[in-house]
Amino acid sequence: MLRYLTAGESHGKSLIAILEGMVSGLKIDPDAINKELKRRMQGYGRGDRMRIEKDAVEILSGLKNDATLGSPITLLIENADFSIDKLPSLSCPRPGHADLAGGLKYDHKDLRNVLERASARETAARVGIGAICKILLAELGIDMLSHVTMIGGVEAHTKDISFDEIRTLAEKSPVRCADEAAAKLMCEEIDNAKDAGDTLGGCFEVVITGVPAGLGSYVQYDRKLDANLANAIMSIQGLKGVCIGLGHEVAHKSGSQFHDAIFYKKDQGFSRKTNNAGGIEGGVSNGEDIIIKGFMKPIATLKDPLPSVDIKTKKQKKADVERSDVCAVSSAGVIGEAAAAFVIANALCEKFGGDSLGEIKRNFEGYLEQVKKF
Amino acid sequence: MLRYLTAGESHGKSLIAILEGMVSGLKIDPDAINKELKRRMQGYGRGDRMRIEKDAVEILSGLKNDATLGSPITLLIENADFSIDKLPSLSCPRPGHADLAGGLKYDHKDLRNVLERASARETAARVGIGAICKILLAELGIDMLSHVTMIGGVEAHTKDISFDEIRTLAEKSPVRCADEAAAKLMCEEIDNAKDAGDTLGGCFEVVITGVPAGLGSYVQYDRKLDANLANAIMSIQGLKGVCIGLGHEVAHKSGSQFHDAIFYKKDQGFSRKTNNAGGIEGGVSNGEDIIIKGFMKPIATLKDPLPSVDIKTKKQKKADVERSDVCAVSSAGVIGEAAAAFVIANALCEKFGGDSLGEIKRNFEGYLEQVKKF
Amino acid sequence: MLRYLTAGESHGKSLIAILEGMVSGLKIDPDAINKELKRRMQGYGRGDRMRIEKDAVEILSGLKNDATLGSPITLLIENADFSIDKLPSLSCPRPGHADLAGGLKYDHKDLRNVLERASARETAARVGIGAICKILLAELGIDMLSHVTMIGGVEAHTKDISFDEIRTLAEKSPVRCADEAAAKLMCEEIDNAKDAGDTLGGCFEVVITGVPAGLGSYVQYDRKLDANLANAIMSIQGLKGVCIGLGHEVAHKSGSQFHDAIFYKKDQGFSRKTNNAGGIEGGVSNGEDIIIKGFMKPIATLKDPLPSVDIKTKKQKKADVERSDVCAVSSAGVIGEAAAAFVIANALCEKFGGDSLGEIKRNFEGYLEQVKKF
Amino acid sequence: MLRYLTAGESHGKSLIAILEGMVSGLKIDPDAINKELKRRMQGYGRGDRMRIEKDAVEILSGLKNDATLGSPITLLIENADFSIDKLPSLSCPRPGHADLAGGLKYDHKDLRNVLERASARETAARVGIGAICKILLAELGIDMLSHVTMIGGVEAHTKDISFDEIRTLAEKSPVRCADEAAAKLMCEEIDNAKDAGDTLGGCFEVVITGVPAGLGSYVQYDRKLDANLANAIMSIQGLKGVCIGLGHEVAHKSGSQFHDAIFYKKDQGFSRKTNNAGGIEGGVSNGEDIIIKGFMKPIATLKDPLPSVDIKTKKQKKADVERSDVCAVSSAGVIGEAAAAFVIANALCEKFGGDSLGEIKRNFEGYLEQVKKF
């Protein structure tokens, strides 16, 4: 079992994460983590904070000479803007944020006490966790990418290009979108929204390749791989929807159009020509690419704020304004990769056990052999 | 903490569920459970099995004189069609089912060993669990409904009618759809699909009213109410997508159009005029109705089956055919209610603690008083 | 991950247990479970109930043709004495039982509502769970036994005989004690206690052989094998103490006397000549026999009852009397085996993963090979 | 639900702990944590490391202006001796430590990779967690103490003095023993052991006062308060036994001698004149003081080391020697308090829920009122 906890406030000293249950003997290059942190910070439409913070990870535990020990791994990311005790208090909750609901729940009269932890800055810690999980996945031949498929109503068209091309194009794009023409329109929409003091949401896709059939299970509701991926993706700040494969378009196809017929070739084993299921059937990975879509609402902090209420005076006022982004869908895709990487890594640890990299690899390969002979 | 496990195969002796952590002193009318089981079994497009089974619950533990003791509650639903040891083995996996992935995972050469547990018959046990959770919710003033919003591409229009009307109309509708005209078209689509040996999917909505602000939390990824609802809904057999509030339509609105402005009235406290967020902001319930959408793929067993492979001979063959439904979206909505009822009940137990009905009520009311004075 | 829940009241319809996470392909002979249930029921000093109940298990789910499917396994044990709704209410709590604390907690004015679930009858379900775990353990070469080492102050002497002999002798003994002379005295003590309307406690030992080095872990407090065994043993009704190896006698030996020096032989690998640690060092199994001691208090229901208070009138009265045993240490040892069997089986599943018997065996053997070459 | 993870190696940068689920609004004085860290470091028989380290906590998250936010609390304790990457490798496992079993498990050929995390230095992080839990407990009127009752065969006699006196005396004693004469003999035993290059173990007692009846539960094996305390105590490095109340002495008393008769006084409610049960009956706190005993083995690092084997050459050699203590029972008692404080705090959070200090207090007091009227 892998597990993790994150901690840290947006303007606290630092973000912290502990990852527990990782095998020993895995080489961790801090730059691989920093690269992911950097990917998270970029994107057309991100705000000033991203110019202030130079996220870099410090690994406080779990390694000796850059290799995992099997003991818990602690990541620390310092906040350049450490000011929590001095920042002004807030009393006009921002619609769309946890401000009001969190204030009521924890009985916080200063809503800063809520937003400091509810802030999406927390996702930097999760991206760090995901980066380590990706190193394990890579050892087992599992790879992943993400790209933005929609921002502010502009849709990307990527059906005709391969995942490798999508990755290359998305990594170069200012909005992490593989359709250059759409990307240009998305940037324009972001500019327009910015000028209007408004914000935008959108959709991203995460693709995971190389996952063997047999992760997750149908035997109990809480062992289903798709359910656990849905949980991980929906837990990302600002997400309002999650789909596997064709997802919300399922209603538009009949069974004979939707389901992925099964074929067999001697050297490749079982395979499909379509992947509408997105790589998961009955809660179990089926050996095809896993495809996840996440739907993100527009950023909830508006420069031209919505009507709100001062919780102290109960008078109608405009919502408070904090430094924020115009659009963060490009980052959300990177965070989605991290969230999914953890779920897949955990499912691998559950199925293959193992305390050292050598052991999990041996068990993994034994299973691939079994599947080949099935 | 509430928790549950279900057990039982589709053609085994019975389905069983244990619900653990329920308060003492709750009156349980078995008919309230049976009513929910019956709602699950109905719906235009359901198959023969539903004519064979007369699901009725037997409560094996946890009650004395019809009141909960605080000890685990066991539900048992007998299978009229108990034949697991005699049924023919299967070797041609059905695309869309767990058959192939499950066979590889558990090394089952007889795919019946997979489908017996992967079958959606398991959801009867979950509906039983949900029925008990609903009894607790009702004691705290929380109510829920579900209705079908799409089948086979036919969309229902219900924006102009109240949730009470939706419930009344949906409960009378053969497909649990509150838009009578759409319902008629849906039934026609189901007839057409049936004639073609094909199947249909669709979309349902679950609405939960009376939930106080403050359930769930933003402090850790796995405490978010929306993430836990997404998990529960996606764990339902056949589901491929889940949304909260506007969900996958988020990309089509800017922040100023999407977020729900905050108002205050002396007697009612904080409120909203819109509910695009679907009652959850930052992973926390905000006091508005919770609105969840589930997207279900077409049933994976086709009378006119898709290409598949015999796992023994590795020869291309048509997939096996099992007795099945043409469309089960109407049932999925009922199961969605049950899955959501458990998540909400668990969130209530976590926030309000309490071992007896009196204690959880006292704590609940104390909090409502606190919120009123906030 | 293996997990289980039990349910059922002492005079309810039945006891139920669901075991979840067991590998597929394990042959389950119901008689192997019934044999363990019978071992639990016997022992000099057990009461009338044990003459009424003929515990036999019915397996409601998880098997096809006697082999596990990988899906949850449900055990049901019917209560011959099903009378819960008709039994008289109780208002004078028995010191030593959960009666009073449970009544306060769950707000039960009829203390029968407490004792029906708090009763040690629940352990029949756990013995059933343990019996299945033992079948898995046997497949991996792990075996276990238990014997009574003390009753009512009479101590058994077994240091000079092998575990095999201890098992043989204990299984024949009326009190499951391997020292025949001591057993005779124990029976006399039980007779004396019975005559006096009194009860007795004592101590048992569980020995587990064949456990490889490397189960459990030191990396986090809740992964320690000894801590999890302590949890399982202390959760048995009536237990007040638990030790690993020399346990509570540790204070009487210095480090040089206590710790088990390490040796190596080419064919056997690392070994010890002593086993004061009881097979666990630093929370990890070390390859030696695991030795656990459990300390059980005297049965809390006395024929000649202790002073108590009527919870309705608040008047001083004698405690209520229920049908009960004089001494149940012999049964507690059998339950201790079951509790330990689950913990060991779970630790194996965590370390070796695997969804089928073949897979867990392959992973297990791969690790044994790795250890041999270490 | 409260939960925590610790991280950090003995000679790594720092120890880290994240505590998650704590209510908002709790004032945290870092000196209260530092005081507990200091108590852990002291005691006659502790080694050189304790002279090097000046443990002081840095709180990285979870607070604003010294009050909890409801968000995760991160504690960091720097290691003055941060040298993990430079320390010599070890190949002769020390009997009694995790060295060998951990090396086999994680496939570590350098046993330093094991001992760095298996080291009892980790307990500093747990004492920090416990210190915060104690602040919550104090708000609800719950207090605790610990004292050493045996070292190296010397037993303390404290039956005739009150818990308050025991605390005062223990806090002043060099070995945290409340019996001055015994303490003197214990120090002599420690001196003798030190001279002989040997080590000592012993026994401590933790007493918790002010716990209301009703924490924990009998309804499921893993909800029992005594079982969870046993888990927490046994998870402390070096512990081999744990008892509640009379514990391992249970066999020497009959039921009529053992069980604590129940009395009632109008102003005080139910009470007992004896407390052999140690405050827990049937897995539930009964309102009396909770009494826990922990049995610690002698320190496993001997200056005059035991026979071992070089894992590289497989040649018989003396075990490696690390800087260590002669006796650490005095510290173990302090760690035992911390471990128990977490379990009690968690049980309180489970029963009383609550997200803010005000809410948990209100729910707690509502229950005390209910109990009073029972």
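In this document, chain identifiers A, B, C and D correspond to the written order of the chains, with residue numbering beginning at 1 in each.
Everything that follows uses one rule, which is that a contact is a pair of C-beta atoms (placed from the backbone, for glycine too) under 8 Å apart; a residue touches a chain by one contact, two chains touch by 3 or more.
Not measured: the values here are computed from a predicted model.
Its C-alpha atoms fitted onto chain D, chain C is found rotated by 180°, rounded in steps of 5.
Farthest chain from chain C (centres taken as the mean of C-alpha atoms): A. Inter-chain centre distance (chain A to chain B, centres taken as mean C-alpha positions): 26 Å.
Averaged C-alpha coordinates give centres for chain A and chain C that are 44 Å from one another. Residue numbers of chain B whose C-beta contacts span two or more other chains: 5-6, 20, 70-72, 105, 107, 117, 214, 217, 219-220, 351, 355, 358-359, 370. Chain B makes touch with chain D in their complex at residues 1, 20, 70-72, 214, 217, 219-220, 349-355, 358-359, 362-363, 366-367, 370. Of all residues in chain B, only 5-6, 93-105, 107, 114, 117-118, 126, 150-153, 193, 196-203, 213-214, 217-222, 224, 226-235, 237, 239-248, 250-256, 258-264, 266, 270, 272, 277-278, 281-287, 293, 295-300, 302, 304, 306-309, 311, 314, 316, 319, 339, 351, 370-371, 374 touch chain A in the complex they form. Chain D meets chain A in the complex at residues 3, 5-9, 12-16, 18, 20, 24-25, 60-62, 64-65, 69-74, 76, 84-85, 105-108, 112-113, 116-117, 355-356, 358-359.
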